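Have a look at this one before I ask anything.
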Amino acid sequence: MLTYFLCLILFCVGLYAVLRKRNIIKMIIGIVICEYAINLFLILFGYRMNGRSPLYSPNQEITSMVDPLPQALAMTAIVISLATTALLVGIALRIYEKYGTFDITKINKLKG
Amino acid sequence: MNQNNGMSLIIKTITRLLIGFILLYGIYIVLHGHISPGGGFAGGFIIALSYILFMLAFGKEEILKRVPEGMISFLESLGALMFLAIAVLGFFGGYFFSNWLPKGIPFKLLSAGTIPVSNVALALLEVSLGLFGIFLVLVLLKFTPPKKEK
Amino acid sequence: MQFIPLLIILPLGAAFFISLAGKNKDTVCDIFSTVITFSLFALSLFFIFTAKTYPGTLVYKVGGGGLPGGIVLVLDGLSIFMLTIINFIAFIINIFSINYMNRFSAKYKFYTLFMLMVGGMNGVVITGDIFNLFVFYEVASIASYALVAFGTEKEELEASLKYTIIGVVGSLCILLAIAFLYAYTSSLNMADISLSLAQNNLNSVVIFISVLFIAGFGIKSAIVPFHAWLPDAHPAAPAPISAMLSGIFIKSLGIYTLCRIFYNVFGMSSGLSHLFMFLGALSIIAGGLLALGQSDIKRLLGYSSISQVGYIILGLGIGSPLAITGALFHLFNHSVFKSLLFLNAGAIEYATGTRNLEQLGGLRTKMPVTSASSLTAAMSISGIPPFAGFFSKLLIIAACIKSGYIGYGILAIIGAIFTISYLLKFQKYTFFGQLKEMNKNIREVPIFMKFSMVTLSLICIFGALAIMPKAAGYFLKPAQESLTRTIKYADLTTQVLYEK
Amino acid sequence: MIEINLLLIFIIIAAIAAIELKDLLSSVVAVGVAGFGLVISFLVLKAPDLAITQLVVEILCLIILIRATIKVDLPFSTSGRWLVNTIVTMVFLAVFLICGYKALLNLPSFGNPVMKTSVFYLDETLKNIHATNIVSAINLNFRAYDTLGEATALFAAAIGIMTILRKKGRLTKEDKENESK
């Protein structure tokens, strides 16, 4: 239970950065940390005590393996998060080029 | 090659020696995705990272000469189209995405039906995305940001 | 049955193909994407009739795997209803963009992203697997993040950044909820999850997951506390994309998913339905009030979208069959007339180069087609009797009163008054009054733009026929039934799956 | 499983450092530290596929982020209502944590997953698919449709970045004339 709770704290650390920081790169870092926490959650939910990794090897009895499905889901989630992060960095750099800053309090063409 | 671009001679020499091994390792990971840990995603990125090493050692001009932008987006579309084609060919097995190739013997390289082929398609996509990351970095940093007051 | 995967294969294949071979061949891209969107529309019409002759739910097993391990595609009444709307509006908008997108560079990239967005939305609507829903949700979202910044000007980039960050936080909420759901039920198929949730009592896990889902999908459907991205993202995007976002994007990714999860998977509880009604009423009033103060056409329409989505959420919250019919009918109407209004705004911008209400006026004589179609849409949205919008609002308000929520009914009526006033403002400042000096020599927009606007306004006029009992039997009734029979969804799906 | 708790604490410290450090380059490096901590925890939790993928993705992410921030120095602005906003955020996060904790209490305890669906994969993979890496088999055979969506998401991101990077978004009159010539 402690393990799950620590993972939830990690998620909150990332969420804090997204909600509170006023710098685009810091917000992206917050999002990345949130994604770490979620991937770790998936793997923790699938872990079986004293389990084996989900790989067969020749000439060996199959004993208790950890849950392979969350690992597959986390793989998908990692790649999708990479895609969103890359897109965000692209937008952020383009904004830096136009405005000369990463500070979102100074980027205020739009109101409301 | 221009000696003035990129890093020092030692790094360039080592890079030239290493890059082949990194590429080979990436290809190994891709092709053995259904037998050992790894697969198309990881292997594709490893191949792309070898190019990043190349860029860091030799500078931007060299890599832009070898891998132009058009080729990257061509590879990207080709990888995606190939994966979709594998999926559509599954109709031969009766269903979208069915695994219709012969399954082979377990623990051999040519086994598990369409999985190795899909791995290759995914690897193409990943390689191009990795290269694309380089492109992102290169093109954007050519812009000079406007001067700040402070 | 065998044709269900085509709904995904066609748009994705088109996207990959256009990006591979479409560079500098704008005309080929135009024709190709129009053909694709039209065949998607024809395919969804085909499914309407197939589902009628085929009792129950259409189920397709991807890869032939079946339930425990594989992914299944499920087409029930609601999915087919959403599919038809999505593909019809996408087809019309595609025709509109043939002329409109000539103002921008790299048209083939626009078509690629457009096709990816359509594919993503189709994927969300037809899937029966919750993680697969998330994946296609991300595909559509990523395409829309990029499309909002298509013009690459300062405002557009800023709007896109704001939208992307809020959207990614929403996606994180959804992914976390899916992880918890998997840990709790050890399944990803929605029908299966629904069955195993029905065996357990309501406890803190289910509440936590529900809150995460409401936050995540609420961000996409722009219900009031989560609406901050919409008034920026809609004006910044090119007009066809604004129409797309407002007309179908927020509905298929926001409202459809909310319906599916809370009606078919979790099952509505009374607390949830009160929350929905409260949020809906809040959106109606807040969106309407904020829309009154705007001077940018697209911003006004954006706030109006928030307000109209409030009606749909209110209707869904009440939960009686009458209210759900009203809400779904309003969803259909709203996607037609709001896309039409955004296309009108695009046409005005195309002709005059501005969207500011204070610089417009008297365009009625110069742009007769735009003016007439916009008047039709405005009358329909504000609920003038013979138009479709009247019936849907009437159904929702009547359902409010019938179920005993008089207060919400009054709020909905006040919202309708707001709607009339801001649309009157839009009509008066744009098409009536004195023609400004700078707009003396504008011309009506090109033929394809006219065609799509006229088609949509015809739907506005004759849309009311969809509620006639005979037509509703094909279109609205199956959708409404798939929501009201809560547990039926799971039963039907699993029944079909285990039969073969 | 004391080691996984220790690793998590290490990751949390790195994450806090990453969001609180004043220098952007240092904070990107701190994210890298957290990411490598994550790779090791994946290895400890018996997920080698994921560890490899995360490692490689991490490196690519770091390179992009470092190159993005290397020349940038930033003044950090603290607006007037800094204290109020921070307190509000903290209270929100505290409520979130408490609710999350209550929810976690009802989940199956750590180390004992339900594995209703996964038994199917464990049985089928070697028997019918003849693959030995189960995660690969799930990704590319049983749930290959997901992987199609994931590949499409990557493709969309790449096309999206290329779209955003265009030098000129709108065509002016002169551009159109040049084109028609």
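So that you can tell them apart, the chains are marked A, B, C and D in the order they are listed, and the count of residues begins at 1 in each.
Criterion: contacts are C-beta pairs under 8 Å (C-beta built on N, C-alpha and C of every residue); 3 or more make two chains touch, one makes a residue touch a chain.
Remember, it's a predicted structure, so these values are computed and weren't measured experimentally.
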| item | value |
| --- | --- |
| Pair joined by more contacting C-beta pairs (B-D or B-C) | B-D |
| Chain centre separation in whole Å, for subunit D relative to subunit B (CA means) | 20 |
| Centre-of-Cα separation between subunit C and subunit B, whole angstrom | 37 |
| Distance between chain centroids, defined by C-alpha means - subunit A, subunit C (Å) | 28 |
| Averaged-CA centre spacing for the pair subunit D and subunit A, given as whole angstrom | 3 |
| Subunit D: positions in contact with at least two other chains | 48-49, 53, 57, 60, 64, 68, 75, 100, 105, 107, 113, 115, 117-118, 121, 126, 132-133, 135, 138-139, 141, 143-148, 150, 152-162, 164-165 |
| Shared interface positions of subunit B, touching two or more other chains | 36-37, 41, 73, 76-77, 80, 84, 87, 96-97, 99, 106-107, 129, 133, 136, 140 |
| Numbers and ranges of subunit C residues touching at least 2 other chains | 12, 16, 19, 62-63, 131, 135, 138, 142, 145-146, 149, 152, 157, 160, 180, 183, 188 |
| Category of the chain touch graph - line, ring, star, complete, other | complete |
| Subunit A to subunit B touching residues, read off their complex | 53, 55-56, 58, 75, 79, 86, 89-90, 93-94, 96-101 |
| Interface residues, subunit B side, partner subunit A - complex | 36-37, 41, 106-107, 129, 133, 136, 140, 143, 145-148 |
| Subunit D to subunit C touching residues, read off their complex | 99-100, 102-103, 105-108, 113-118, 120-121, 124, 138, 141-146, 148-150, 152-153, 155-157, 159-164, 166, 168-171, 175-176 |
| Residues on subunit C engaged by subunit A in the complex (per definition of touch) | 131, 135, 138, 142, 145-146, 149, 152, 154-155, 157-162, 164-165, 168-169, 171-172, 175-176, 178-180, 182-183, 188, 231-232 |
| Complex contacts: residues of subunit C adjacent to subunit D | 8, 12, 15-16, 19, 62-63, 65, 68-71, 102-106, 109-110, 112-113, 116, 119-120, 123, 131-132, 135-136, 138-139, 142-143, 145-147, 149-153, 156-157, 160, 180, 183-188, 203-205, 207-209, 211 |
